[in-house]
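Several structures are given next for inspection.
Okay, so chain A shows up in both of these, paired with chain B first and chain C after.
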Partner chain A sequence: MTSRLLDGISHRGVALLAVLLAVLLAAPWIANDYLLTVLIIVLYSAYTGQAWNVMMGFAGQLSLGHAIYVGLGAYAAAALYVHFGIAPWLGLAAAIAVAVACGAIIGFLAFRFGVGGVYFAILTIAFAEFARIGFDHFQWVGASSGFFLPVANYTRNDLWNLRGDPTMFYYVMLALTVAAFALCHVLLKSRIGYYWQAIREDEVAARSLGIDTFRYKMYAAVLSAGMTAVAGVFFAFYYNNLFPEQVFHISRSIELILGPIIGGIGTLFGPLIGAFLLTGLSEAMQELLSALGFDAPGAKQVFYGLCLLVVVMALPGGVWPWLAGKLRVTRRDP
Partner chain B sequence: MAAEIYLNVAVSGLLTGLVYGLMAVGLSVIFGVVRVVNFAHGEMMTVAMYLAIVLFNSLGLDPLVMAVPLAGVLFVLGYVMQAGLINPFITRPEYSQFMLLIAVAIIVVNVLLIAFGPDARSVQTSYAFDSFLVGPLIIDATKVYAGAATLVITAALFAFFQFAPLGKAIRACADNYTGALIVGLNVKHLYALTFGIGAACVGAAGSMLVLLVDVTPSLGPASTLLAFIIVITGGLGSMAGAVLGGLLIGFTEAMAGLFFTPSAKSMFSFGLLVLVLLFRPQGILGKRVS
Partner chain C sequence: MMDLLSVEGVSKRFRGLLAVDNVSFRVARGSIFAVIGPNGAGKTTLFNIIAGMFAPDRGSVDFAGERIDALAPDEICRRGIGRTFQLVRPFPALSVEDNVVIGAMLRRHDPAAARRHAREVLARLDLFGKRHQPASALTLPDRKRLEVARALATEPKLLLLDEVMAGLRPAETDRMVSALTELNREFGLTILLIEHVMRAVMALAARVLVLHHGARIAEGAPAAVVREPAVIQSYLGAEAVD
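Coming up: the complex of A and B.
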């Protein structure tokens, strides 16, 4: 297993990876509360980015509505917890099941009816918006006035009920991110990963080689949906409040995919690098603007947009392929 | 009595839908030729809307009259955007083009937010409460003017693409990129012109829509989505389809607002979109492209 996990990574890469992991593991002892909160956001974006990357980066299916899986996962686990007192780790199963079912429906409809490219992207937006407005009118989970999880001061960390301080959430998110990373690495080096990449590069050619493209695209859609739902459960229990306008909004879907695209689409490190860059950039912008005493709402987003523009124009393949070349860590392609 | 309410709402929805249609025509023209989905389409429209409001408040210029000069301003903006930003992205993958336009959209929304604040704005014209009585129907005059202007503009645009040499050249680029290059057409210039024309459509639509809806910076992304729905329902790349889609969506939303609750109306549009994508992915009037 270990050998398979490290397959294709150079010794230099393994060393850098170990250093990175050690720093992340030690972070709660070094970082203050603010930095820890930022790191949680970074890991959250890295994880969701990785989940989206499975569908788009590996299998080439552009989903612009991934917020739907975050939202369904979040609402499923939160509703079970609030209404029936079911612990999130059990709710997780329901969350994954709901998201997987939704991913399977979208995937089935799109792939069976030959909806591809731009049309597929807009279909995913349509489903997410449909869910947003639907949840806005869904009284059982608070409709548009929001759904809240009980918050109290916890004397100790209750990992089973996911109630506790940021450090606990940090380690949960770190574990999820590492697991997603390892899973994607193994998948990419396995038969299914190669099938996905073949479909991504040329679907007709892949089918003519005997790959059941419908089935493998479905696997990608379902896996990506399930992974994203896990992040949704985390989201619900970390923030303790859910508003359809926020959770399902298209801007959430876009934020989710910015990281992997900036970092390097279809690469393993892309989502992680992208999450670090974008969250870092966003926080730095905030600090800079408040230091300058310039607090117009929207100023931060303008700079954010400009930076995005520059990266998209200057590094079309994303930051990671360029950075990997500089660090000399890739033996074969990423 | 009850039947008249439905009829009134239906006509009102159809007229609003016409103006939506003009906005969508812009998106359709751009996609049909340049093959780029303009994810900043609604945001460009809000730029025109705010310009119309500023012109009305400071100089008292009627938004209906300003539709033409604002279309001109947006044309220049669109030309510059295509020539400067988008042309290098023509051969890049879809997600890359998408990111570029999303970045533009984020910048536009937030610049508008800084400049005008988050509050809703509108204009009050002298004829805002005028209406025509047609039998049992009471039709809002503003909507009639805006709808008529939309039909004129769309007809002019259609004639341009059908008969003008420049319009034919643009269609040639859409039909066969390499072929257009071989016969010596300046494709990049024509692409920029096309994007300008598409932007001019939203300029005119935005200027008129100011009379019908309140503007906030966040109207931009919502309008982009609306334009997508309309264009895909009608047929991406088809101008008549965009107008038809606009009518259909305007009608659906008005009826959903009446029968259910106004806040749920877009759900029906998205439902319609899903159905169209599944059973007629090329849209109602679109041609099937493999």
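Coming up: the complex of A and C.
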């Protein structure tokens, strides 16, 4: 298993991964509270980016409505907790089930009826919008006035009920990110990963090689939806409040995909690198502008946008493929 | 069961154009069979019908004793028909080797076993040295070879080759011919090819079917077919007579 996990990564790459993991594990002892919350956001985007990457980066199906899975997962687990006192780890199963069902419906409609490319993207946006509008009127979970989880001062961390301090949430998110990374790595090295890439590259050619493209696209849609729903559960219990206008909004879906695009679509490290860069950039911009005493509204967004533009123009394949070349971490001949 | 593939009375119309007109032929198990004809004769359409890209309007296609003309392309591949595309369709971002590994995974689910098989196939088609290059970096003749390698990796009983010699130099054509002959002799692979390069057709095929305007105008041994007046007139032209 370990050999399979490290398959295709050079010794240098393994060493760098170990250092990165050690730093991330030690972070709560080194970092202050502010930095720790920033790191939680970084890991959250790395995880959701990885989940989206399964569908777009690996299988080539562009979803612009992934917020729907975050939202469904968040609402499912939160509702079970608030209304029935069901712990989030059990609620997680329901969250995954709801998101998987939704992913399967969208996937079935699109893949069975040959909806692809931008039309598929529009379909995913439409479903996310349906959900946003639907939850705005869903009284059982607070509708548009929001749904709140009980917040109190906890004397100790309650991992079972996901109630506790940022350090606990940090480690939960770190574990999820590592698990998603390992899962994607193993999948990419197995038959399903090869088949996804074949579909991404040329679906007609993939079919001519005996690949049931409908089935493999469905696997990607369902897995990506399920993984994203897990992040939704985290979101609900970390922020303790859910508003349909926030969680299902298209800007959430866009935020979610920026990391892997900047980091490198279809690569394992892309979502991770992208998350660090984007969140780091955003926070640094904030600090820099306030240090300079520059307080024009929207200035941060403008600079942020410009930085993204520069990255996309300079490295159209994403940061990771370029960085990997510099660091010499990929092994050609396993 | 002598015939591996049997095409009976197949027709296909695209709006006003009758692309394939009541074509019948049989390909014997273990043989090499060529389909020739001028551009627009319906050869590729006929191929696409056999490979499941189109359903025929009339007629039937039987493979290994089972009717396959209602099946999807991936099901047809799983039954044992491999194909190449006239306009090559490699997986451009993947390495040459990974392209072939994907083909090999049809019968070998374990990636390591698929990779071993892919390397054997690559060596057979002179692509082993280029296996780490991205497929997008290959020249057209190499991409044609890659198409053959990828289809071959699925271990077909019948291999459909759509103009794989086009653009190859004579020496390269001879290499491809000998590679295909070896496959045919060693593994009893049945090959159905569309080809314009008569040098390859004459060297490879035991039987030739000539199409013109979607219909069959001749069928038989290559040496006999190229002497038929209808074939000379419609396809080979004056230069082939001498």
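Simple rule for what comes next: the second predicted complex is superposed on the first by the 332 of 334 C-alpha atoms of A that agree within 3 Å, B and C clash if a C-alpha of one lies under 4 Å from a C-alpha of the other, contacts with A are read in each partner's own complex, and residues count from 1 in each chain.
In the analysis below, a contact is a pair of C-beta atoms (placed from the backbone, for glycine too) under 8 Å apart; a residue touches a chain by one contact, two chains touch by 3 or more.
Not measured: the values here are computed from a predicted model.
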item: Joint occupancy of chain A by chain B and chain C, clash or fit; value: fit
item: Touched partner set for A:190, first chain B, second chain C, both or neither; value: second
item: Comparing the two partners chain B and chain C, which touches a greater set of residues in chain A; value: B
item: Which superposed partner A:114 touches (first chain B, second chain C, both, neither); value: first
item: Which of chain B and chain C A:293 touches, first, second, both or neither; value: neither
item: Which of chain B and chain C A:150 touches, first, second, both or neither; value: neither
item: First, second, both or neither for A:136, with chain B first and chain C second; value: first
item: Which of chain B and chain C A:85 touches, first, second, both or neither; value: neither
item: For chain A as apex, the angle formed with chain B and chain C - C-alpha centres, to the nearest 10 degrees; value: 80
item: Contacts of A:312 with chain B and chain C, given as first, second, both or neither; value: first
item: Superposed arrangement (fit on chain A Cα atoms) - minimum chain B/chain C Cα distance in Å; value: 12
item: Parts of chain B lying in touch with chain A, wherever the complex brings them together; value: 37, 85, 88, 92, 94-96, 98-100, 102-107, 109-111, 113-114, 118, 217, 221, 225, 228-229, 232, 236, 261, 263-264, 266-267, 270-271, 273-274, 277-279, 281
item: Chain A residues within the chain B interface of the complex; value: 56, 62, 64, 109-110, 113-115, 117-119, 121-123, 125-127, 129-130, 133-134, 136-137, 144, 250-251, 254, 258, 261, 265, 296-299, 301-302, 304-306, 308-309, 312-313, 316
item: Sites on chain A touched by chain C in the complex; value: 189-191, 194-195, 197-198, 201-202, 204-213, 266, 332-333
item: Interface residues, chain C side, partner chain A - complex; value: 51, 53, 72-74, 77-78, 82-83, 85, 89-94, 98, 101-103, 105-106, 109, 111, 114, 132, 150-151, 154
